Structures are given as C-alpha cells and as structure tokens.
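Across the two complexes that follow, chain A remains constant while its partner is chain B and subsequently chain C.
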Partner chain A sequence: MDIGILIQVVFWGLYAGCIYILLATGLNLIFGVMKIVNFAHGEFLMLGAYITFIFVALTGFNPYVLLFATMPVLIVTGIIVERLCFRPILGTGKLNEIFVSLGLIYIFQNVVALIWTDEWRIIPSPFVDVTVSLGSLEMPLDYLIIIFLTIAILSGLYVFLRKTHLGKAIRATSQNRKGAMLMGINVERMDMISFGIGTGLAAGAGTLWAVSGQVFNPYIGSIPAIKAFAIVILGGLGSIPGAIIGGLLYGIVENMATFTLGGAWKDAISFVLLIIVLIFRPTGLFGEEGE
Partner chain B sequence: MSRRFPIIIAIIAIVIACAIACAGCSEQQPTTEEIRVGVVASMTGPASSTGKDIWQSAVLAAEEINADGGVYIADLDKKIPIRLIQGDDESTREGGQKAVSKLITLDNVDMLVGGFSSAVVMAHQSIVADYKVPYIISGASSTAVSHRDDIDTSYMFYLRPSADDSSIVTTLFAGNVLRPAINEKFGFPDDQPLRLAIIYQDSPYGKGHQSAIHATIEEYALKITVVSEESFKMGESDFRTILTAVKATKPDAVYAVTFLNEQIPLVQQARRDVGLDTIFLTIEPNDDPDYYSGVGTYGEFSMLESRFSPYAVPNGPTASAVTNFVTTFDTRWNGFPGMMGAATYEAVYVGAQAFENAGTLDKTAVRDALDTIELPQMIEAMKNGVITFSDDYRESTFELYMSQLIRDESVGEPRPVIIWPDSLKETDLVLPDWYAPGSE
Partner chain C sequence: MTAMFWRSPKACLIAGAGAAGIVLPLLPVANLYVLTVLILMLIFIIYASAWNLLTYSGQGSLGHAAFFGLGGYASSLIAIQSGLSPYITIFAGAAFSAFIGLLIGLTCVRLREWFLAMVTFGFAIIIQTVIVSMLSPVTGGWDGYAVPKLIASDIPYHLLWEYYSIFIIAILSLLAIHLILKSHIGLALAAIRENELEARAAGIDPVRFKLLAFTASAYIAGIAGALEIHHFGYITPEIFGVELSFWPVIYSITGGLGTLAGPVVGTIVVSLLWDGLNAAGLTYERYIIIGVLLILIIIYLPRGLVSLAERYGKTEGGGRNPR
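Now for the complex of A and B:
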C-alpha cells in the first residue's frame, strides 16, 4: 500500500476531526455546565454556514475573516435560545430538555428554509486553487487554514477557561453547581455564557465545513449533531479534552474505514469504536464517574 | 411574572414559526366533487429541492387541467377538478411510510404520483399494495422497485427510465464514444480499454446502476475495464477519501451514481482537493439547474445521461412543448424545472387521462385504464412517441441522450449541450486540456 495515499487519508481524517472537535467541544461545554442534552446543536452549525453565506454575499469579504463576525452572531443567538427555551425548563426533567431541543430542530429548519429557501448553497473559498506540497502530500491551503483556525479557536477557549475570571467561574459551575452558587457565582449567567460559546463554536464548525467545498441546505445539521453526541460520549461527558481527542479519533477512524472497507462502513466503524471504548471505559476516554 | 414571561414569549415564537412554516405548505382547498391526487415528494430533508420541483410541477399540471374545466368522468357526466394533496416523505423511508399512510387512509386519495428515491419508495410500496391505490411513480429508477415480486405491485406504474435503461445508455456512450475519443486524442491503441471507476450510493438506486453497468459491459462486449468500485452512504458530503482511493487506481473516467446534493461536492472535491482531473459521467437526477450553478467551474465538461433539461432541448416533436413548459413554470414559480418535475408534470396528465378513460374514480377501473393507456408524448421524448406502460413491469420507455456541461460565458455557469446520439447532437464531445487519463 502506498504510504503517500495513507498519509493523505489521515490528513482528510484530521480535517474532518477539526470540524467534529469544534462541534463536539461546544456541545460538551454546554453539557458540562448546564447538564442539558441539546439535540438542536447541529442546527447551530447549519445557522453558522448560512450567516457566513449571507455575510459573504453582502460584503464579498474572505469567509475565514467573516467567521469572526458569524461566531458573535451565533453566540448572541445561543444566549437568546438559552434564555427563552432552556432556562425555563432547567431542572424539570430530561424529557422536557429533549423535546424542547427536538422542537428547536424543526423550528430552525423551517425558519431558515422560509427565509433562504431550501436550495443547496455553497460558500466559495478565496484560496480554492492554492495547494501546498509537503513531500508526497498535496494539501489544499483551505484545509491547512481550517486546521490552524481550529487550533487557534481551541487555544483561545483554553486561555479563556483557564486564565480569566469568567472562565474559572464557568469551570467551577461545571465542576460543582451548588458549590459555585455558594461561592457567589451567578450560575444562570454562566449557563447563558456557556450556551452562547457552545453555539459560537458550532457556528465556527459550520462556516469552516461550508468553505471546504460542501453544499448545505437547512437540513444538514442532523447528522453532524448525531456524530457530535457520539464523540462527546466517546471522549467523556463534560470533558473538553475528551471532545478533542474523540473528534480526532472519529475523523481518522471514519476515513480509514472508508479507505479500507468502503464508504458504506464509514458510520458503522465509528460507532463500533464507540462501543469498544464504552465496554472498557463506560465513562468514555476522559469522563468521570457520576456524569 | 418574570419566570412566566420567557415561557409565554417562547410559546408565541413557536406558534408563529409553525404558522409561518405551514404557510409554505399550501394545498388546494377541497370541493365536493374532485379527484384527490396525493403527491409523494421530499418537501423537507436532503432531497427537498427535488421535492419542491416535483410538487410545483404537479401543481402546474393540475392548474392547467382545472383551468380547462377539470377531468371528464362519464359516471358523473361532467368534468370535475383535480385536488392535489402534499405528502412529504421527509427524504426518509419512515417519512415516506407516514406520508403515504396519511394520504391513503386520512385524505382518501384516488391516486398517488411522485416518489423520488428508490429506497424511500421501496419502503412505502407495501402500503400502496395493501390498499390498492393507483400510483404513478416518476422517480425510483432502481429495478429493485419495479421488478420486485414480494408484494402486489399491479397498481404501480413507472413513468421513468429504469436504472438498467440509464446505465445501458451511459455505459454504451462510455465504451463506444468516450473511449475512442480518449484513445484518439492521446494516441493510445484503438482497442485500448477504458479504465472506468464507479462511485455509487449504497442504496437500491446505486446498486441497481452498479450491477447494470457490469451487465451492459458484458452484454455488449464493451472494451471497458472497471478499475475501482466505491460506495458511499446516502446523503454523504465528504468524498475525499473515496476519491483518493479512486485516484490511486488511475481511471480514465468516473461513473458516479449520485443525487444532486452528493454529485456537487463529489465533483468539486475530486478536482479541487484530490486533483482527480478526470471526466465524470453521471446520470439524470443531476441534470438540474441547481447542479449547474452548484458545481460551477469544476463541473465543466462533465457528461450527463438525461431525458429533460430546461437548457438542452432536443430537436424534434417535443421541443416546443419543453420550451412552453419551462416558460410556464418560470412564470408560475420564478425558476426552472428539473427532470423530476417534468416527469411528475406528465404523471398528473397521465393520471387525468386514466380517470377520463376509466369514466369513474373506482381504483380498479383506473388501474386498468393505466394498464392500457396510450398518450402522445408530452415534454420528454418517448420510444415511438407514445406514453405507455410495458406489459411485464408497467415501465415506460424513454429516448435518452447524453449531454456535456460547457461553460456559458453569458451566465458564468456551465450549461448542458447534447452530444449523443447523433440524431439529437448539438455539438461534438470535448476533452478539455486539463483532462488527464489514467492510462497515461
């Protein structure tokens, strides 16, 4: 087997892993702080792609630059969704959370279809013809930018969570909600901010995914959301390092399975990996007891 | 107050959203005497753009028929209108079963038309068989749908070419036209076989084409060597690894059995990301205005098997009908119809004629009328110029052709031009400068 082809396949896995990491990290952050299961998370990926699409159409700017305009828009959207839909039902039972998030899927899909129609859309990359050669590996520049931006966003999130007062408060809320309240942390505010950051990360995933030569319409969020949930479980509920390692593993395993067994096995092998990990570590790779 | 306020706002928002969403799902209002036709279409989900095309074309046909007074039913001794009822299959098997069950049991439809994906149609065929409702299927090209014998399919009629029909045309073109053109341009021996890769959807539709390609190569002794066969899940959007594997087998051309939402990223990722500078052969669901605009530069010089396009109009008796249909559709819906729309438009007319011939709404009589129907071809060219259904599997036979996407500078997008057969050809096949055959 040609080693150059294998390296190329691993590279495609890294790219896919970056998208999964952003989506799953956002989902995990929300779960870690609020302990809610948001099945509508994939719709924020879809919304991110649409918002960037609109910004590109309006301004003609580079979509990678506009990513930093899209993410704040989705952070605000996330805050509104948390405030209106999840805050009132927080603590009232998992069924309520599940049905609210399922309802949000249909609402977002229908509203987006109504506003922008359900035709397939694309976001053209400004670097579409630029390729970088590294030995036998031919890498389109777009994918290197996506990997770089993913690392930059995650580094920013790490610094925010570790070094800022607000980040420490979010972590404290995630670790012990009642303890955080007793220490004077406004946990409802932390919920709101965490939800906003989570949706912002999903918007980042949506934009980078769309710019990398994908087509999208209002219904593309569901499958990535399912995969993000699987990655979160694989990595461990509430664990951000788990989401990162899980996302990378998922991306690479999916692509290696496609290469060796065929595309029909792509999803199946990923879930086989999930089952194997859960057999040996029921809390996921980095999960803790009680999550 | 402060705690209830967000809940009230949320409820109001949900109600408004639902109302807005439902406003887009308009259906014609009932009258006392009418023919109720259920339109099975993917109004939501990955195939929603095709579903919208199906629904809008059906509405156009029903409006034209109703504007003429409706359909004459001898038993009633008067004309009655057609009322269309939408059945959204949600682009899923389960959604199709729900939609068809509702259309038959709650809406009491007299006939069904539409049906796109073979997998989705296969899942709800048994419901149609149980209730014995005439169903004119305008998609679902797999013969696994039309040739199945595990259920009673006698009420189902197929107004589309089968996967076998499409594959024969495309594979014959690849072996007898594309292969000699490549060999001539690159100075290869005349008898050098074409190295063909097949990328197919892992579904009855994809597998039907895959087996039909092999059968055609064998039956016609074509000089084609299949060097790679890769499958993918329906709805897939990341083809990079598959394409990397295909590129390693050095194909001269790639035969892709895909839907529109798969074909666009497939071709873009092949040329842009993987550097697979080859000719893509694809089949009719992709002959759609959304494909031309979506695939852009990367789709130029792709070749499509087709039977209808709003741009490439075959010369002949259907030319004026196609132009008229495209113009009327554009006036009504502000856009261009796709192939599935054209077939469903015809299906409504075929259904109307069957009701008229039967002279009753009785489902068995309508089924019998469909069995013997002979209607002059409308906007798609039919074998012998007549829409009819075969005795064995109740399939219709079309005049198919191959077109190639060539950039139209005036619109900045590729547009199809017919390149085969010679009787319909607008221009010769072009192998672009960037094309690199695997045989080199």
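Now for the complex of A and C:
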C-alpha cells in the first residue's frame, strides 16, 4: 500500500476514533459508577444529532457552538432515564439491564421517528468544502475541529473528575461504592450525575458525527453504540484511558479493514476483532480476572 | 399420578390451549390473513422457546437471528439442490444451524452476560456479512432468492394444512424442551444457572452442559427459521436483522423467563398486541408501546405474565416456588 494512502486512512480512523472515544468514555464512566451497561447508549448519540439539528434550524448558529447547548439537554434526558428505568433494576441481575436497554432502544428510535419522521437528515457544516493540506495528506477542516473538540471535552472531563469535589465523589463511588457511602457520599446522586455525563458525551459524539457530513435517521444509533461497547470490552470495563486507546485503535483498524476488505465488512470486522480477543481473554484485554 | 395430573388446573390450561390451537383455524373468522398470523405465531413460539432454553443455563443471546437465518438458508439451499420436500430439509437445515451453534457456543461458554450478549450479537452481523459478500454467488446477496413453499399454493386449503403441520412441529418442539428440562440435563442446567462454582463442585461440567443448551437452542431456532422462509417462499439476508434477534427476547420476558409456558404466552400476547396496534394504524407508536411494556414488566413483573397466573392460582396448588 502507498504510504500516502496509509496516512490518509489512519487520519480517517483518527476522526472515526474520536466519535467512538466519546461514546466509550461515557459508557465506561457509567459502568465504573453503576456497574451497568446501557446498550441504548447509541440512542443518545442519535438524539443528540436531532437536538442539534433542531437548534440549527431554529437559531442558525454554527453547529459546533450549539454542541454546548445540546449536551445539557441530553444530560437532563440521561438523568431522567437513569431515575425511571435503571435505578429500579440496579442489582437485580445483569440480564435485566440488557433487556431494559432493548426497551429503551425501541422507545427512543420510534419517538424520534414520530416527531421527525424516519427520513435521512443532514446538518450542513459551515466548513464543508474547506480542507487543509499537509503534504499529500488532505484533511477536511471539520475533521480537525472534531479531533480538537474531542480533546477539549476529554480534558474538561479529566479536570472535572480530578479537581472538583463532585468529580472526586464520583471517582470514590466508582472505586468503592460502600466505602463512598460510609464517607457520606450520596451514591445514588452520583449514579444520576455520571449517567447524565455519559449521556452528554454521547450527545457530543452524535452532534460531531452529524456535522462531519454523516446523514442520520432515527435508527443510526445502535451500531456505533455496539462498537463503543466492543471498545469498552477491549480496553477494559471501567478504564477510561483504556477507552481512549481502544477507541483510537478501533477507528484506525476499522478504516484499514474497510479499505482492504471492502465496505461490506465495515461493521463485521469490529466483531471479528472482539471475538478473537475474547477467545483468548474472556474478560477483555485489560479486564480483571475476577470480573 | 395421571388422574392427579388431569385434575390440576395446569393440565386443564394445556389441554384448553391445545384444543384452541386445533379448533381456531376451522372457525369462520379464520380467513387467509388470520391463518397467516396464526402460522407466524406458531413459528415464533418455537423460536422464542428455543431462545428461552438458553436462559435455563444462565446464558443469553442477542443474536439468535443467526441460527434462525442459518436454518432458513441451509434448509432452502438443500431443498433447491436436492429437490427434497421442505418438511425433510428443515431438519437438515436446523442441523447445520446447530453445528454453527456448537462452534459459536465454544467461544461463548466462557463468557458472561454482557460479553456473551455482545459476541452473539456480533456473530449475527458477521454471518450476515459473509452471506452478502463472500457467499453472494450462492445466496444472491441482498436480493435473496425464491425458495420452495412448505405446501404448494395450488393445493386446496394449503394454508390450513401448513398451519396443522407447523402446529405439530411446535408441539413436538415444546415437548422436546420439556423432556430436556425434566431430565437430569435440566437439573444440571439449573444448577449452573444458580451457581456455577457449586455446580462444578457437585461434579457437573458446566462447559459440556452449556454447549448442549446452546446447540439444542440453535437447532430449534433453526427449525423455526426454516419454517418461516418456507412459509413465505422467499429468503433475504434481512432474516439476520437485529429485530429478529430481539423478538424472542421480548416474547420470553413478557411471558416469563425460565418457564415452558412463558414464551408461548408471551408470543401470543405480544404478537396479538402488535398486529392489533398495526391494524389501528399505529406504526411507530406500537414500538414505543412494546418498549414501555417491556420495561414495566422487567421492573414490576420480573417473572413475566405467567407469574400472574401462578400468583392467583397458588391456592389451588398450581403455584411453584419463586426462584
């Protein structure tokens, strides 16, 4: 393969990886605190894209700016979903989470389809034709902004979790739920907050994905969410650095595979990778033996 | 023993359901549409029961459409190549599905909950991809191909005959599952589900029994898939779709996980609701209603609709100990 094309493919992978990282980080944050997996996480990505779409239609602002209006909306949505659907089943068996997520997938997809129909939509980016050239590498400005925004969001999350009182409480809950409770932390509130943040990150991913020129309809959420979950498994459940490294690798591998094997394999290759890893390490690459 | 059995309310229910299944298609309301609905209901009862069999061993699958679809593809290809009747090839097709199930099971037995859900989901997508890309010369890719019908449509009352033949296959499948669960295999599966470590200490090999459950489940799901495509007379890779993986899950949860009656009750209730809502013109709303129903049942009725009957039937001695 020509080295120029190789770099180009890696760059596309980097951009795709950013979307996956945002999703996987959210999933991991939720898993860390609540020990549950929300398979309907992708529906928040889809919803985020639609909320931004509406904001753009209403205000005409730059969609990248509106990202910061969409995320709070989804954070609130996430908190409501956690309170109504996931709290009642906490600790009742892991299969139940999967089943509740199934119900949520149906509800979200079709509420959105009812409101906005299932036509394909697009959010036009203001920089659609702008590319930055670096040698033989052609970089659409949108992709660069997305990579930059992802880094910014993740840095913000890092500072929040490391430096603020609330962030420390979330980390404490994630490390030892009972211990945190004994220290006077309201762990149920931490559940709600971390679920909300995870949802907000998914909304960010959805907005960035849509703005980068991807068309969307109410049914696009499932596959990215499943891939994000595969990344979480690869990177280790509950490990945010694992999610970031896993997400980048994943985006690159996926784009390489699409390039060499053909587009039909785009979705399947991720599972091939996942299954190969799980055959040798049933708890994931960086997962603990005891899980 | 038998006299006792026939007096219990459970036996009355089973006999009643069986009688209803035989008489219903003969009633004047049973036009072609109703017959088709009933046939699909039977097929999905088989499919949901197959999925439910897996939960006895504490496993779950979000990709059972893989086996449903493989049964369909294998059976139809055999039928086309050999010219045999679909009534023979469905069992051969299901055997192929079970073989793949065994291979998939080998990678799955060591995995738990989320990992298992992901991997089974993934296998359905991988198999679909293989069918539309590498095997497209044989399978026609996304377009699919026509397959022989169960009973040729120029035979008078062909749908009625089809209904009764599928009815018998459904009864046989349920009976087979019942016998498996009554035998020592069923006990071993329950032991593994409740506590795998203790089961191992008691001398049960979890891997062997989980594989057995996986293979049996894949076989029965394969039969259901083959019946469906021979009923429609056409097959496309849509058969591996996410929705077809989710249906048996929804049916089994609604009816009640880990009971023989659960998937049967669940399939009947949910598919009647589904078709009723469709007839009322609620295309998207019906998904929302099903989704809300699913979540409500998981939260408030974790043992499904069947547990309602048990709750009220307890005084008559029909109740069972809750898990």
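In this text, the second predicted complex is superposed on the first by the 265 of 291 C-alpha atoms of A that agree within 3 Å, B and C clash if a C-alpha of one lies under 4 Å from a C-alpha of the other, contacts with A are read in each partner's own complex, and residues count from 1 in each chain.
Throughout what follows, contacts are C-beta pairs under 8 Å (C-beta built on N, C-alpha and C of every residue); 3 or more make two chains touch, one makes a residue touch a chain.
Because the structure is a prediction, the values reported are computed rather than measured.
Colleague: For A:Val128, using the defined touch cut-off, is the partner it touches chain B, chain C, both, or neither? Pick first, second, both or neither.
Modeller: A:Val128 sits against chain B, while chain C stays out of touch.
Colleague: Counting only touches as set out at the top, which of chain B and chain C does A:Ile275 meet: first, second, both, neither?
Modeller: second
Colleague: Please work out whether A:Ala16 is in contact with chain B alone, chain C alone, both, or neither, and reply first, second, both or neither.
Modeller: first
Colleague: After the superposition on A, what does A:Leu114 contact: first (chain B), second (chain C), both or neither?
Modeller: Both partners.
Colleague: On the A-aligned overlay, A:Ala264 touches which partner chain: chain B = first, chain C = second, or both, or neither?
Modeller: A:Ala264: touches chain B and chain C.
Colleague: Between chain B (first) and chain C (second), which, if any, makes contact with A:Asp2: first, second, both or neither?
Modeller: first
Colleague: Figure out whether A:Phe99 sits in contact with chain B (first) or chain C (second), or with both, or with neither.
Modeller: Second partner only.
Colleague: Should A:Pro88 be classified as contacting the first partner (chain B), the second (chain C), both, or neither?
Modeller: So A:Pro88 meets both chain B and chain C here.
Colleague: First (chain B), second (chain C), both or neither: which does A:Ala230 touch?
Modeller: Second partner only.
Colleague: Based on the A-chain superposition described above, do chain B and chain C contact any of the same residues on chain A, and if so which?
Modeller: In chain A, positions 85, 88, 103, 106-107, 109-111, 113-114, 262, 264, 267 sit in both the chain B and chain C interfaces.
Colleague: Please output the residues of chain B touching chain A within their complex, sorted ascending.
Modeller: Residues 3, 6-7, 9-10, 13-14, 17-18, 20-21, 24, 44-46, 48-49, 52, 91, 202, 230-233, 235-242, 244-245, 248, 260-261, 264-265, 268-269, 272-273, 275, 290, 294, 296.
Colleague: Going by the contact rule at the top, pick out the chain A residues touching chain B in the complex.
Modeller: Checking each residue of chain A against chain B gives 2, 5, 8-9, 12-13, 15-16, 83-85, 87-88, 103, 106-107, 109-111, 113-114, 118-120, 122, 124, 128-129, 131, 138, 140, 143, 213-215, 217-220, 223, 255, 258-259, 262-264, 266-267.
Colleague: Give every residue of chain C touching chain A within the complex, in rising order.
Modeller: Against chain A, the touching part of chain C is residues 55, 60, 62, 107, 110-115, 117-119, 121-123, 125-126, 128-130, 132-133, 242, 246, 249-250, 253, 284-285, 287-288, 290-295, 298-299, 302.
Colleague: Considering only the defined contacts, which chain A positions touch chain C in the complex?
Modeller: Where chain A meets chain C, its residues are 37, 39, 85, 88-89, 92, 94-96, 98-100, 102-107, 109-111, 113-114, 222, 226, 229-230, 233, 262, 264-265, 267-268, 270-272, 274-275, 278-279, 282-284.
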